[in-house]
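In the two complexes below, chain A is the common chain; its partner is chain B in one and chain C in the other.
Up next, the complex of A and B:
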């Protein structure tokens, strides 16, 4: 069952230096209980996409040029403010990257958590407090009802992020947008948070949009992956397929640059040469062309569309609706096979 | 990777948790202000300052009720007399009911004092000034005026500054830029001279367009201080507007009013309260200064600035009347010190991150 659909979203920012095309032709489908990951490096537009869904882009300077965000049969982008407010937090919740700055420094977290209940369910302070304590217990904080009186600075980073996740899930939303929820945390805590998200997802059937730059983490949690580059989706695939057989040179480059302890001796890390294009001066062709090893003359001249890939391309057998924005996608898919390159975790996790 | 089973808390059935919650009776929830109040009470310097200020405030409020001599009854025949020990000659003189035109409430209080203490009054505990007026009485009545002026002017600056600065910060963009350029422009004026000019215009006339001279005086002093208040508030609002926790609140569906009241105002208020306690002392100094120049409170009314004028006038190369200098200075100085200490402690108390906060209850 499709819960959230984004069609052809286009967002730009009017900066003092000119127009910055943050995202273009962005589409997304999210089904109940599914986790879709948005992957890309900084500035690829993945966070903007997540925030645009809830209309949280600051306007100005942000401008949503085209697109639809369909949720519950209505387009959130044109919904009146009052209606949008009823969706926020209640139906679609968001968890931000930095758990310290996402919490009000002068308020105990219990008060901040209960806000969403007061807004949406009109609960009294007392009832809200009870629900919050239970939610904190559910995300694995000890002494939940005492933590309610703690200030953010009195909790560790992992505890803060757990509290924020508990806060986001208080109203049992249908969709959770996790905007790099683990980036500010250390590695062991990252894994705990991922497990927490997956467990809560199984319990509540929440759909998760997981925004991250870390392909290793994404492998642990995502069912489907959308790779973004320079504001556009360049590849969409079910997670296992993407890791086994990337069909866009950028995905390939990302995978090659993920460190793998098991093969550290044989394989050197392969960084992608060059830097992302300046978003203020968009290229007419493929944005990845200047850094691409598969580049053809055609790539520089016209932009490859995000096209579906035939099920069977010569010897390559494909499953699910795969799409890639590369003219040379079949060549990329044929030449590269990464048998052992699937990052640890997902295979044994599922 | 830690399997879920390793944390049994996750699988805690809800019933024991409910019981646990009920047992803790945990509905209290403590706000920023109750927390701050607890921390403030734990601060010894702040406690002293608060006690002292309450005492001064109470004495000032009840001045008409106290068995003091009239602050303006003169005995021109005498030299300034030095303080006398309290057991010397209390009630040696008869109380003369002599004041400037008092408000109705004060008149009643004075009447009450007369029925309570009748003719009895304290002796010259702090001595008397060149015109034979009792210094203690003048200090008490003068403090009454000075504190009232300080509070009123601080309130003016508070309202003007918070509204103006808050508006500029919230509106942002062009409105903000224009409003702040106006503030910059006003800052560039030598404001003391502007106040002197305005008061000079009002002159000695009792009222201008129905507004009393003293109200003009208060507003002028208040206007002197709202500029910095506006800047402080605007800066705070601007940084709050961009704060991520405000974005989180929006993402949770909080409306603009809710964000303003639960997320912005507490933050702004903490700064404002502190700034206010630090403004009041400087307002008091301005009042003393302007009264000293003859532009503020006018005799026969008393204020601490006017008492200082009397002391200067009485001083001569031949003889120093030390009590005329020392006691008014002590009065002004101690109140200013207490206000500054309180302001400082308030700033610490309103910051939950400050050290010294008790462990979790």
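Up next, the complex of A and C:
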């Protein structure tokens, strides 16, 4: 069941230095209980996409040029503010990257959490407090009753992020947007948070839009992955397919850049040469072309559309709507099958 | 044993905590680094791994002289660094340089790339001004930056390029040891890979020794020949790279390895929920005994009160060392009671 659909979203920012096309032709489908990851490096537009869904782009300088965000049968982008307020935090919730700046430093956690329930569900403060305590317990905080009276600075980074997740899930939202929810945390805590998200998702059937730059983390949680580059989606695939047989040179480059635990010595990292394009400079052709090893003359002149991929590429049957915005995608897909996507890789690591 | 390039002996760094009394002394002290001994040989790359707050950055800062150790010694070629004065101290400082985590903060925004690289040469009064500039340009070229861009300011460069400038600056004095404190954690993956490969090349080219500090085990495995794992101010395990990754001997190392994300959805999906408990303890309230025992998956195998009562010493066995009461061949995955 489709719960959220974004169609052809274009967002730009009018900056003093010129027009910055943050995202272009962005589309997304999210089903109940599904996790879709938006992956990309800084400046790829992944966070803007997540925030635009909830209408959190400041306008000005942001301008939403075209597009629809369809949720519950209505287009959120044109919905009146009153209606949007009823969706935000209740049906679509968001967890931000930095829990310290997402929480009010001068109010106890409990007060900030119970406000959500008082506003959206009209609960009394006492009843709301009880629900909040339960929610904190559910995300694994010890002594939830006492934690309600703690101020954000009294909690560790991991605990703050858990509290934010608990807050986001208070009203059982249908969609949770997690914008780099573990970036500031230690690996051990990252893992706990991801497992927590996965567990809560199974319990409540929440759909998660997981925004991240970390392909390792994304592998742990995502069912489907959308790779973004320079404001556009360049590849969409089910997670296992994407990691095993990337069909866009940028995805391939990203995967080859990640240091692996299992086979570090045998393989040099293969960095992507160069740097992402300046978003203020208008581009003709493929934005990745200057850094691409598969580049053809056509790539510089024409922008490759995000097109569906034939189901059968060199003996591997690919399932479920793969798309890649690359003229050479078949050649990219044939070039490599990345090793290490076998559990055996893990065994020799240990 | 031959003389190591750098040797730390029982290094302790403490910070005051909380309110001070009328004499300006703090009531309690936090042991950020609590008795660390380690050696780095010439041309060796040593990885130092641990969670935030384990004292790895404080250790780095102590080595390059940014914080004063409370006890213990730092020996460079067998000479205690903090005993050196004047000219000798300045010469010694030349031999250890540091690359910081955040290239947005570590470069002076009002100096051009060239000026930033020339500065250490000027401070050490090496060469004539003209030669300094020439050397700086060569260095910028060596780290893969276009010398034609040398007149630009930091804000005109990307994060990866800035880290290259910082690297050229650290290399200007031809150090023997480079302390790298999470040098790529502020960078995007594809750029991180560029910098990591560059670090590897430079090491081979100049015979540098690295102390590479990171929380990313995969990265450490990629770059370092030997790895030390720190927890709560102490080294809990050290071993040659391949041995550490093949057979982690300390339960904490195992936990870190278990947590490290693998870019592999098939495997990630198949593995069960993590055997991780809790977070690193607060420095203000150190746990008794082994600092890791409240989170330890294997402590059930030892007489339990021993872990919570005594601090296990770091025992060396061949090339490896670890600080744990567990028997050597203990199975790795035991749920606690």
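To be clear about the criterion, the second predicted complex is superposed on the first by the 337 of 350 C-alpha atoms of A that agree within 3 Å, B and C clash if a C-alpha of one lies under 4 Å from a C-alpha of the other, contacts with A are read in each partner's own complex, and residues count from 1 in each chain.
Basically, a residue touches a chain if its C-beta (ideal position, glycine included) is under 8 Å from a C-beta of that chain, and two chains touch if they have at least 3 such contacts.
None of the values given here were measured: they were computed from a predicted structure.
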For A:255, select first, second, both or neither according to whether it touches chain B, chain C, the two together, or no partner. second
Scan A:213 for contacts with chain B and chain C and give back first, second, both or neither. second
Does the superposition put A:1 against chain B (first), chain C (second), both, or neither? neither
Which holds for A:239: it touches chain B only (first), chain C only (second), both, or neither? second
Classify the contacts of A:90 with the two partner chains as first (chain B alone), second (chain C alone), both, or neither. first
Of the two partner chains, chain B (first) and chain C (second), which one does A:150 touch, if any: first, second, both, or neither? first
When the two structures are overlaid on chain A, which partner does A:195 contact: first (chain B), second (chain C), both, or neither? both
Where chain A meets both chain C and chain B, residue numbers: 191-192, 195, 199, 345, 349
Chain A contacts chain B in the complex at 54, 56, 85-90, 93-94, 96, 98, 101-108, 110-112, 115-116, 119-120, 125-126, 129-130, 133-134, 137-138, 140, 142, 144-146, 148-151, 153-154, 164, 167, 191-192, 195, 199, 345, 349
So in the complex, which bits of chain A are touching chain C? 41-42, 156, 158-159, 186-192, 195, 199, 213-217, 219-222, 239-240, 242-244, 253-262, 264-265, 268-273, 275, 340-343, 345-346, 348-350
As the complex stands, chain B meets chain A at residues 1-4, 7, 9-10, 12, 14, 17-18, 20-21, 24, 26-27, 29-32, 243-245, 247-255, 258, 262-263, 266-267, 270, 350-353, 360-361
Please output the residues of chain C touching chain A within their complex, sorted ascending. 51-52, 158, 160-161, 188-194, 196-197, 215-219, 221-222, 242, 245-248, 255-268, 270, 273-274, 276, 279-280, 282
